[in-house]
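These are the structures, in structure tokens.
Paired with chain B in one complex and with chain C in the other, chain A is shared by the two complexes that follow.
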Partner chain A sequence: MKHSVNRPPTPDAAEDQGKEPTLQEIINIKLIESGEKERLMELLRERLIDCGWKDEMKAICRAYIKKKGRNNVTVDDLVHLITPKGRASVPDNVKADLLQRIRTFLMSAAL
Partner chain B sequence: MCAGNSLYTNPKPCKHLADCKLRHGFNGYDSLQNCLKTTPNGRARVDKHNTKIPRCNFCNGSQGRLYICLICSSISCSSHILLHTQFEKGHEVAVDLERSELYCCLCRDQVYDPDFDKVVVSKQVKDLPGGSKSNGFEGCCERSSKRKRLNSGIGLDLKKSKLLISMRDRRAKSCYPLGLRGLNNLGSTCFMNSVLQALLHAPPLRNYFLSDRHNSVQCRKRSGEKVCLLCDIDALYSAMFSGDRTPYSPAHFLYSWWHHSSNLASYEEQDAHEFFISVLDVIHEKESKMLSSSKDDGDCQCIAHRAFYGLLRSDVTCISCGFSSTTYDPCVDISLNLDMSNLSPSDVTNKPIKPDEKTVVSTVSGCLNLFTRAEKLGSDQKLHCQNCQELRDSSKQLSIRRLPLVLCLHIKRVEHSLVRKMLRKIDQYLQFPFSLDMTPYLSSSITRNKFGNRIFSFEYENSDSCAEYEIFSVIAHSGMLESGHYVTYLRLKNQWYKCDDAWVSEVNEGIVRASQCYMLFYVQKPLFYKANEDMRCVRTSPCRDLFSSTAGCS
Partner chain C sequence: MSVPNEDNTQLSSHFYGDLLDSIIVDVASECHRIAKLGLDHNLEEEEEEMRLSAQARARVTDPSNSGETNNKYVVDIFGQTHPSIASEIFECMNCGRSISAGRFAPHLEKCMGKGRKARLKVTRSTTSAQNRYSRGSPVSTYSPFSNPTSTHILSNGTPSVAGEEYSNGTYEGP
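Now for the complex of A and B:
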């Protein structure tokens, strides 16, 4: 028997889309479609600037670039550098506020 | 002359981007331009389909950074963008959807192209509410005919002043620089002495008076007035630069000034900054009478304005629609509020921030940042927005449209104490630099920031004026509000001197840095170095008349 006969069927991209979207995806889609995500992003940006988080990240990037040399750093390096630090240092009050707003939105969207 | 910001140069496109442009021209940029959407706070996003969520062609993900290929407009996420380049030869450049920035897949890094930024910015300007009427993107339309070469005429007479005051000191090997002399306190006049010391050594003023640009004989003939403050200042310069080191009593000057500012004529301790403004006022009034011109301050040729005139720009933006209106205000100095929120940089990079470890260090750059920060006006200060046609919440942002030759920073150390219902002095220590780069606070920098730091230049940006300054004088205050004392520190030929009324002494720069600064005087770098070159010789001849011809120094 030829191996090609027993080969399992090639996964079809179209079939993948038939999978049930996760809850996270559904919420994301709802947020984007209603324009709420855009508003929340703007609010989040403002809060992170006000509490000095953006300046902290900028300073970390600058220090790294100084150490490595300006021409040896790529955007990807910087993203990989500050993503974990950034996620960890978001102030709790900002997190709580954003979560509250998402909850409020979901409650109103579910109605 | 330093042209623009010497610490930063615009990055060039990478060679892949350059190749791509050669092959495809601006087709990619132009077709993308129509898809650019601007958010109210100035970010540009690429939005091809208003309703559909952009997804990566390879993994269908919609999180993280998504890129759209410049050639075929297919979307990939940052993990799979390399695959796209491998499958399609020549599709090397893409654009970050969220940020409208170019990305080169082969360099694996963000790249920059002034042509691309021009496309983005022109779309953003087109989209601004009110079109090109809104905001000062007047860089595009304004003609550069207003280039003012402020230092023309001020530096040219140095040769003449050199002739008049150059005589080698044969007695002492180390001598104080020219013009260093104590001023006697005539009864709580340290506020006046401190400002005079600073003005005496401001290079434009020094050059002007020492090259006899205000001749008292001609002045009396022309105006016929008995009392002329400029003549008194001229006499003061002659006395201070005569080479005589005994403390001088500026009684005549004080009397003259009382004449002009009778409301301030008293023996009470007064505010040095108020005195400074009043002196500049009097100089301007007197000179504009003589020049008999009614030009606005920007073109005013009086020495006070030629040295200190600057232009502040104020942008008021409606928070709802983004429409902004711009006004310009002249100024002779910048009054700064103390920035209390600053973190010292070392804390940030070494360890994670813990709330109790924050140290409040106020710096001049922190204060300038505070000064130029976009400030949300309270809801009780709603302004009428021309675009929305009603009262709206707005934000206001200051920036510097034109820098003066001599920059005076005034630190506001007086505040109203709500608790005690009276004025209170703020003793907060302020760290200040000896070299100051004002580029980030210029209107051009602030406006660039609004458009996401794009690469473009304004027509009115002139390379004659330098944004880099060197400090030459510090007026420090000690004591309480009602009963304090002013001293001036002068920086001459890289040596600091303390002028405490009649007592002049050499001091360490550490002492200067540790002082409680109240007014800081900076001068544009080229003028600073030129001024320090000429202080080589000291005159010690007993003859006090500066204008008699003397044997030249060898």
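Now for the complex of A and C:
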């Protein structure tokens, strides 16, 4: 057979099927398909607005933008800016509530 | 098969982190958008305030300002100016004339109130006049007096016209 073209070998279909989806992936799919992920996200969003967390983050962003000039800022900059502070400043009860709900879902979706 | 506890906790934390990250990205994206589109008027706040306060100070200390009521171009807290005499023109609901807003009060005095000619118009049986609202005047529903055109006609005292009006008089008063 002429090997006029250098091609990597076609991925073996059988090999692919051998990869089991991880538990995480399975649960993720269940979360999304049942609509629970969206519900949880909206709940968390609402809680974070109510407790002033969103305003805090927005203030941090605005201060940064003011300093840097609004045309010199990327979304990425802002994400990296508020991620550490953001994760740390979620009120404990909000975090606990969300974790509880997720755990409940995990148990009800017991595999 | 039940998921062991530690895994459960770890998984929950993983998904919680996932949700939080999405929300953080949303907030960052929103702030970025507002900044780029220039929708945040407070962004240049300090400079703007310094400029406005300097302006206000200049205006206050300006000797040519004799007082707010006299100055036609005084600016209110929203930055709007009002001419001291209102110049909008609209229709008087009583007589139907076009009146300038600044002259409306004195006009109404004459049109509705104390004047000799005004009294004549009104006297002509107001109750029957009130039955003749119809005639398509949109203002007639809230005007305390009846349709202006009909009162005009009434003041001329032409009985035939009055008779015509009556045939339409099924219209209800307010």
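FYI, the second predicted complex is superposed on the first by the 92 of 111 C-alpha atoms of A that agree within 3 Å, B and C clash if a C-alpha of one lies under 4 Å from a C-alpha of the other, contacts with A are read in each partner's own complex, and residues count from 1 in each chain.
In this section, a contact is a pair of C-beta atoms (placed from the backbone, for glycine too) under 8 Å apart; a residue touches a chain by one contact, two chains touch by 3 or more.
Just so it is clear, the model here is predicted, and its values are computed rather than measured.
Engineer: Specify the outcome, clash or fit, for chain B and chain C once both structures are aligned onto chain A.
Structural biologist: clash
Engineer: Scan A:Thr74 for contacts with chain B and chain C and give back first, second, both or neither.
Structural biologist: In the superposed model, A:Thr74 contacts both chain B and chain C.
Engineer: Tell me which partner A:Arg39 touches in the superposition: chain B (first), chain C (second), both or neither.
Structural biologist: In the superposed model, A:Arg39 contacts neither chain B nor chain C.
Engineer: Figure out whether A:Ser89 sits in contact with chain B (first) or chain C (second), or with both, or with neither.
Structural biologist: Once the two structures are laid over each other on A, A:Ser89 reaches chain B alone.
Engineer: Looking at A:Gly52, would you say it contacts chain B, chain C, both, or neither? Reply first, second, both or neither.
Structural biologist: In the superposition, A:Gly52 contacts chain B only.
Engineer: A:Leu106 in the overlay: touching chain B, chain C, both, or neither? Say first, second, both or neither.
Structural biologist: second
Engineer: Which of the two, chain B or chain C, is in touch with more residues of chain A?
Structural biologist: Here the partner covering more residues of chain A is C.
Engineer: Does the superposition put A:Ile65 against chain B (first), chain C (second), both, or neither?
Structural biologist: It touches chain C, and chain B stays clear.
Engineer: List the residues of chain A that touch chain B in one complex and chain C in the other.
Structural biologist: Shared contact residues on chain A: 28, 45, 74-75, 79.
Engineer: Please give the residue numbers of chain C that touch chain A in the complex, ascending.
Structural biologist: 1-3, 7-9, 11-17, 19-32, 35-36, 38, 40, 42-43
Engineer: Show me the residue ranges of chain A that touch chain B in the complex, using the header's touch definition.
Structural biologist: Contact set of chain A toward chain B: 16-17, 28-29, 32-33, 38, 42, 45, 52, 55-56, 59-60, 63, 74-76, 79, 85, 88-89.
Engineer: What does chain B use to touch chain A in their complex?
Structural biologist: Residue positions touching the partner: 39-41, 51, 53, 60, 62, 65, 78, 103, 107-110, 341, 343, 345, 348-349, 352-353.
Engineer: Inside the complex, what are the residues of chain A that reach chain C?
Structural biologist: Spelled out, the residues of chain A in touch with chain C are 23-24, 27-28, 31, 37, 40-41, 44-45, 48, 54, 57-58, 61-62, 65-66, 70-71, 73-75, 78-79, 81-83, 86-87, 90, 95, 98-99, 102-103, 106-107, 110-111.
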